[in-house]
Structures are given as C-alpha cells and as structure tokens.
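Okay, got some structures for you below.
Common to both upcoming complexes is chain A, partnered first by chain B, then by chain C.
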Partner chain A sequence: MNEPAGNIPIDSKIKPALTSLLYQLADDDFILAYRGSEWLGLAPHIEEDVAFSSISQDTMGHAAMFYQLLSNLGEGNVDSLAHAREASERQNAVLLELVNGPGHYLSSAQYDWAFAVVRNYFYSQAKKIRLDSLKNSSYQPLAEVALKVNMELYYHLLHWKTWVIQLMQAGGEARTRMEAAIGKVLADFEGVLNLGPLAKEMAEHDLVEKEEVLKQRWLFIMKPVFESVNLSVSEADIAMKNGNGRIGEHTADLDDALSTLSEVYSINPAASW
Partner chain B sequence: MLIKTALEALHNVKDPEIDTISIVDLGMVEQIKVEGQSVLVKLLPTFMGCPALDIIRKNVEHELGKEGIFEKVEVQFIYHPPWTSDRVTENGRIKLKEFGIAPPPKFISETGEWHVDCPFCGSAYTTMDNLFGPTACRSILYCKSCRNPFEAMKPVSTMM
Partner chain C sequence: MSEALFYQEMTEEEKYEQFMKRINTGEKIEADDWMPEDYRMTLIKLISMHGISEIMGALPEKEWVPKAPSLKRKLGIMAKVQDEMGHGQLLLRVAEDLMKPLGKTREDIMQDLFSGKLKFHNVFHMEAPTWGDAGLIGWLVDGAAIITQTNMLNASYGPYARALKRICAEEVFHAQHGEAIIMALAEGTDEQRAMVQDAVNRWWEALLMFFGPGDASTTGTSKQDTTIKYKIRTKTNEDLRQDFFTKYIPRVLSLGLTLPDETMHFDQERELWIYKQPDWNRFKDIIKNNGPKSQERLGLRRTAYDTNKWVREALNTAN
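Right after this comes the complex of A and B.
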C-alpha cells in the first residue's frame, strides 16, 4: 500500500511504548470503521448513508496508516496486522467493538442510531485531542501522520456533534434513547481514554502527553456541550465496565466481528489485494 | 531536462474519478527525482482512505515507462507536507469547473463555514446538502438559482 515518510532508527527502550501506542491507534480506528461499515444501507436517511460510509472509509484509511507505521517498525505486513491477529492481541477499546445493536446487517438488523452517534461523537473528540497531542510527538513519522489525519477528522467531529446536539434537543423518544446511549458509552469510555500499561513510558519519551492530561482536556471540551443540552455528566460516570481492551481484554462481539471481517483474507492469506 | 520530460508526462495522468484534471494540477506531485535512467515520483494523497491511489500509482508508472527514457520508475506516497486544497493550481480550478465540480473555497470563516459558487451558472446562491459526497474529497451542494445539484471539492487545511 502506501509508504509514509522515511523511517528513523528507533531506540529499543522506546519501542515497546511506541508500538503499543500505534496498536491502540490502529486497532481503535480499524474496528470502529468496521462497525460503521455495517451501517451501510441502514442509516436513517440516504444523505446519512453517504456521510457515514465516507467517514468510515476515511477512518479505515487512518487505521491503514497506523498499521503501516507498525509495519515499518518490523511488526509484519499491513494486511496481516489488520486481519490475522486474534482478539487477545488487539488493543482497541472495548467500547468500539460492541455491536451496533441486535440482529445482523444482512437481515433483521435493529441497530441503535443513538448509540452510533454518541459512540462516534465521544470517540472522535477523544481522537481529536489525542491527535493534537501527537502532532508534537517525538516520533516524527507519527507526528506527520497525525497532522494529516487531523484534517479529515475535522469533518467527522462536526458531523457527529451536529447529530448529538439535535437529537438531545429534540425531546421525546430521541432524548430518552440518547440518554440511555450516553450512559452505555460512558460506562466503557475509560477504556477509550486510557493508554494502557505503558502510558507512563509514552509520556516520558514524549510520544504523547500524559493520559490524565488528555482525559481532563476531553472533559473540559465536553463540559459546555453537555451544559448546552442540559445534561449533567461527572468524571465518576466514566468507567470500564466490559474490560480493558488495551491489555487484550475483549468481548465476544470482537470475536464475531473478526471472524466475519477476516473471512475472505483467511481463504488465502498469501493472495495480493 | 529529464525532470521536465517527466513532469510533462505526469500532466497526462488524470484523477481516475475526475478525468479533466491531472495529478499535477491537483497539487499531488511533491517531487520528481531523476538519477541516471531511474525516476522517483513523490506524491501526496488527497485523502488517506482514497481507493484511487493504487490506480494513480499504476498510471504514473505506465505514463513514465511509455516514454522509453526511464528504465526504472518508482512512485512513493508521502504525507509530509500534507496535501491541502490550496495546492490545486489555477488551471486545476478551471478543469474542476469544466467537470462540474466547484473548486475548493480559498477562504474558510472562523466558524468553519465556507461558500462556493455554482460551477454551472456562477451563482453564489447555493446551499450545502451534505458535507460528505460520493468520494472522500467532495461535498454535495445545491444551486438555488439554476436548481442543479452539484459537488464541490472540500477545503482541507492544516488550520483545521
């Protein structure tokens, strides 16, 4: 696929923290883009179908870039990093792997649009904060990719924020379902905000800022948004109910997703795409 | 001299999805390096998930190989500097319009709003239908004057 800017030799002391950070970035975008693709043809209206599939395509492009950076560090080729890793090897946040709702996209899908917009908005904002920090990363190839991803993310964030605010202000069933979705997303949002067991090393090597700094920044930016729609959210609402994906803890939802998305790849892993 | 020849050949490589505009006028060509009989072309992708990149790579290899001057043609996609919509040349802006796509706006207000004129009738009386369009780099708009839907290339800048 695409080669990013030239590699620089990497200190072996930095490498474990750097690869963990890259796996988190890649796996987060990869699985959320997959969940987004399952919505194709099922979004509330046709314009949304165009928008959501475009966002999912961008996001998959971001995952491919992060996998490429890993590949350049000797972690294997991009296709196998995306398709051939077991759930226990994945470092994505559990929140991002959860199914869109009951049913299957080929039949009887009863997906929850409220969950989709809340998950995507909260995640996009956290990703934006992380990328702004990564623009100053000591690992130059990552800083360069972050600058590029950030420009595309701008439109995603705008899109999801619009949905969340409008549905929150709509009242009635919309409001009830949105509040339920916000509860569900926050119950696992710590899994998105945490950077795993090597977070301290990541900050020490100036790969990214401290986990706590990024978390407080997210809360700071979200506060006026929550206030504008008359919702009270406190830091204590943010939890990690279904496990810590950063250390390979995952749900059965991820196993199911992986077996579906790797079905074609697994028929012939040596085939060229 | 050979760089000039290569650049001229690259003018024949069009965007696979907008066949009036070349990758040169889109501002994708960052560097051409010639060493002996080899040429290295460094390109900036517009959007990262763009599925046209592999086609563009093949077309560049084909076009430069055709001349019979270069024995080895290499294409690299790089991300620094990032592609921004102000890299589209003046000629590129004309070519986009010919295709029916409004060129990316040069100015974005502080609130993030932007305006483009209808590529068909030139009216400024247009509305945004969908920020996202049929490809990653385009939005869908509507002209209230001539009542045509049209597409515009999204503004992309490092200020975002």
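Right after this comes the complex of A and C.
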C-alpha cells in the first residue's frame, strides 16, 4: 500500500478524467468488499465462507491500490479517501452499495445468496473487461496496477460463475430466486458499466477504452452464459434504477455503510490506529 | 498370515494393549486404525468443539471487520478471520472422519451446536464492544490458544497433530496482528489507552477460564486426565495457565497496563503465579450458552443456516 508509484507530473487536462476513473475503480471495490465483509460467517457453508472472505480481502486490497494511486496524485491519504468522504463524493456504482438483504450483519441478517452471487459475478466480469483495457492505459502506474489486480480476478470470476451456473441449473426455488436476483442486478447494472460524465475524455486520453465498447464486450461475453442456462437477457434490461453513482447519486444504504465502516476511524481521524 | 487377519483374531484387551503400546512409543494413530471407543469419543468431543469454536470465534471479531479503522487494519483483520474459518473447516474435516463409523456428518455437528449439545469456548460467548476488544482477542485470546494448541502438537492422533501444526503457524501471525493493534492503541491518545485497559479488564476473567478448571473438583467433570493418558496432550490446565501468565503478564505490564487482580504475584519459592480464581460457576453457566452473547451469536448462525437452506438443497440437487 505504501509503494509510491512516483509522483509523475500529470497534464492538467488529463487529471480530472484520470482522478474520476480512479475514484470509480477504488470506490467500486471498496464498497463491494465492505458488503462482502458483512457476509463473514454467514455464507451457505464453511468452505464458501473461507473462499468468499478471501475474495473480499483481495477486493479490499485492490481498492487500497487504487486509493494509493489517487494519493500519489495529491488527493489525500488513503485512509481519509476510504473513510472520510461523504456519500455525495463517492463515485461507486449504486448496485455495489445496496444491502446484502434484510437484517443487520450482527444480529438478524437474512442475506440473499442469490443476489450475492449474481452481483459478484456480473461485477467481476465487468471489472475484468475494464482491467484488460486498463492494462493498455496511457497512465503507466494504472496499467501496472491493472496487471496485478487482473491475476487475482481470474479466480474470482471463475468462482462466481460456477455458483451462478450451478444455482441456475438447479431449478425449483433456486431458479426462481436467481431470476429475481438477476432482474434486480440488471436494473442497476448500467451504473456499473457507466464511466460517468468524463467518459469521453477518458477515452480521448487513452486512459481506458470507450464506455460503449466495454459495454458491448460485456454483453458479448455474457450472451453464451445466459444462453447456457436458458435465460433471455437483452440490452434493454440493463438500467440505472436507483441513480447514477458516478455523479454522486446514492441510496440511504451507502450512508448506513459509511457510518459503520468509519465508526472507529471517526473517533479520531488524526490518531494512529 | 496378513497383519489385518492377525488383528481380527485379537481380543479387545489385546487390541487395547497394542494400541497403548503404539501411543506410548510415540506412534501416530490414523483415522482408519483401531482405537478404543473412549479415545474416539474423546477426540470427537475435543476436535468438534475446537473446530466449532474457531467458527463461532469469527463472530465476535466479525463485528470489527467492517469497522476496522484503516485500510491496513481492514485487510489484516479480514485475513485473520478468514484463517479462523479455515481452521474450523480443517478441524471439522478431522472430526467428520472420526464420526464416520458412527454414521454422523457435519449436519449433526451444526445441529448439536444449535441444540447446545456441542459447546464452544467460553471466550467466544463474551462481548467485544470496542476496537480495543478486537485487538485484545487477537493478542491474548489467540495467544492463549497458541499455548493450549502447542501442548497438543505431538498428539497421538496423527490427523489432529498435523492440523494443529498448520493452525499454530498461522496463530502466531494472528497474535502479532493483535499485538500490533494493541501497541498502536497503548501508544496512542488517552482515549485509545483507555480502550485497551477496558478490554483487559473485561477479558481477564474469561482468559483465565479459557484454560479450563484446575481439576474436576471445581466443575464436576474434567477430560484432562483422559487426554493426558491417551497422549493427546501433555500438560494440565493449570500448567498451561501458568505458562500463559509467564509469557503475557510481563508484556501487559510493560505497556503500562494494569491487571484487574490485586492478588496477582509470582511466588518465587513455589515458582507459581498466585491469582484470584475466576468464578467457575459462571464458567459453567457461560458454556451452557448462557453467556452475555451466547444466544445472539447462536441466533445469527441459526438464522444464516435457515436462510441458506435453499442453497444447500440446490447443491444437493446438482450433485
């Protein structure tokens, strides 16, 4: 986390697009890893608990790497970036902040495993596509981080894909629950694929490919998977029902998450913990 | 004559004699070997309790995983709790092999946990209300666990001994992780220091209880004689508690912290730590699931188990 990528001077024309892209990458991983950490001890079986917490840990590590890149650009220290920003300053996709299901993570959690596997699979695939593109980013420190993150992502993707296919093929209650979860995830998946108001500049400066190209790539890769489980999904199903997180629109779920995850940090942000 | 056939013709007494000879010469017993019934039952009880304690032990720390105060601490505690779940998994597999001849499975282990038949360690029934507790669990609870587990590294039952080797190696990192949290707090603001002192005060009695009663006269039953006879462990509960004092009391004091026991001192002549006995009646009550957090944590696991029932059913269909 403390490996400065060398404060490479950044063209002021590029900086807004670059920082926005980094905030999206960092905030997406950070909030999803947080949601994953709430699942701890509650997964369907012990083996899955071990695997899921390993994935959440990787994802939190990725967030830390992206926050470090922001820190190197003068955006502040990594812990304040992760813990001290208001919901309106966060650029994560709304889908990733939504609660895991009814109840509280310490007492009455009735979490939805179907939602967990679908959200994680769809997101991991979108993240993989984005990272493959970022490996060729004109911003070298980001290209280097993308390379590292990509190696771990392969296993995440395999893990979630296996779950989704298995539960979709099980039929019965599992199928019903999975279809409901897919509907819920797609209703906000545009928010994940979206790169925000500076998407055009990101592509122009070769930071990442065009939003539409990445989106079509996701649809192309997912199509045979959907077909293999007899599910028809069209582009029109993909929406942004609960707002665009890239411009700071969020739900009350994020406010609750932020107050929990910064509870100890906020006792004294200046203290060493 | 093959060895197996030879074995079949032996009387129970001869088998027992041979078994004792094997363990007394340091040979390891494996899952498929003949073993006396009370050896098997003692191991099942010990290992399933150990395994389920690792899993229930994730719950007090779980509270602090999302709340850890920095990215570094978030990553550290996530890794730590993941290890604990992994230990639980490893140990339950060892217990499952032992239970196989009895026709029992992991489902029985979970049901026994929910019904209260299978107990889990007293420390995991306790409250962990501050970040100081998260540090203290890693430092002193894991520290205590290292001491009890090291005592069984040469256990006569091979699969358990091998699992413990791996577990102990990881526990050392956990204790370092806990110690790092505690050090940062102890060297921090007045509020942070108070957090650690509160945690020490809150956990001290539970830590003494962790090693179990000195002998059966305290709580009515004690398995330690059986486990020593069968070379599963070497030291008594009291030996282990004394080892813990010797290792940790100087460290606690060197951080400027105090112990909530004014009688605590080292008797040079007897070479023993003198301390106030914990309330063993309270101990008995806690492990009967009447501790401050017992029902809430069992409830959380039970709710998750019920909520995920459809997933287990779907997996059974698929297999």
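Observations on the structure shown:
We take it that the second predicted complex is superposed on the first by the 268 of 273 C-alpha atoms of A that agree within 3 Å, B and C clash if a C-alpha of one lies under 4 Å from a C-alpha of the other, contacts with A are read in each partner's own complex, and residues count from 1 in each chain.
Just so we're on the same page, a residue touches a chain if its C-beta (ideal position, glycine included) is under 8 Å from a C-beta of that chain, and two chains touch if they have at least 3 such contacts.
Quick caveat, the model's predicted, so the values are computed rather than measured.
When the shared chain is aligned, chain B comes close enough to touch A:His62, but chain C does not.
Between chain B and chain C, C touches the greater number of residues of chain A.
Judged by the touch definition given at the top, the superposed model places A:Val149 against chain B, while chain C stays out of reach. By the touch criterion defined above, A:Val94 reaches neither chain B nor chain C.
Contacts of A:Glu47 after superposition: both chain B and chain C are touched.
In the superposition on chain A, A:Ala181 makes contact with neither chain B nor chain C.
Residue contacts after overlaying the shared chain place A:Leu258 against neither chain B nor chain C. Using the contact criterion defined above for the overlaid structures, shared-chain residue A:Leu158 touches chain B, although it does not reach chain C. Shared contact residues on chain A (touching chain B in one structure, chain C in the other): 1, 47, 50, 54, 57, 60-61, 64.
The touching residues of chain A, counted against chain C in their complex, run 1, 34, 37-38, 40-47, 49-50, 53-54, 56-57, 60-61, 63-64, 67, 78-79, 82-83, 101, 103, 105-111, 113, 166-167, 169-174, 177, 260-261, 263-265, 267-268, 271-273.
For chain A in complex with chain B, the residues that touch the partner chain are 1-5, 47, 50-51, 54-55, 57-62, 64-65, 144-145, 147-152, 154-155, 158-159. Against chain A, in their complex, chain C makes its touches with residues 55, 58-59, 62-75, 78-79, 81-82, 85-86, 88-89, 92, 131, 181, 184-185, 187-189, 191-192, 296, 299-301, 303-304, 307-308, 310-315, 317-318.
Those residues of chain B that touch chain A in the shared complex are 45, 47-51, 53-54, 76-80, 82-84, 112, 129-136, 140, 154, 156-158, 160.
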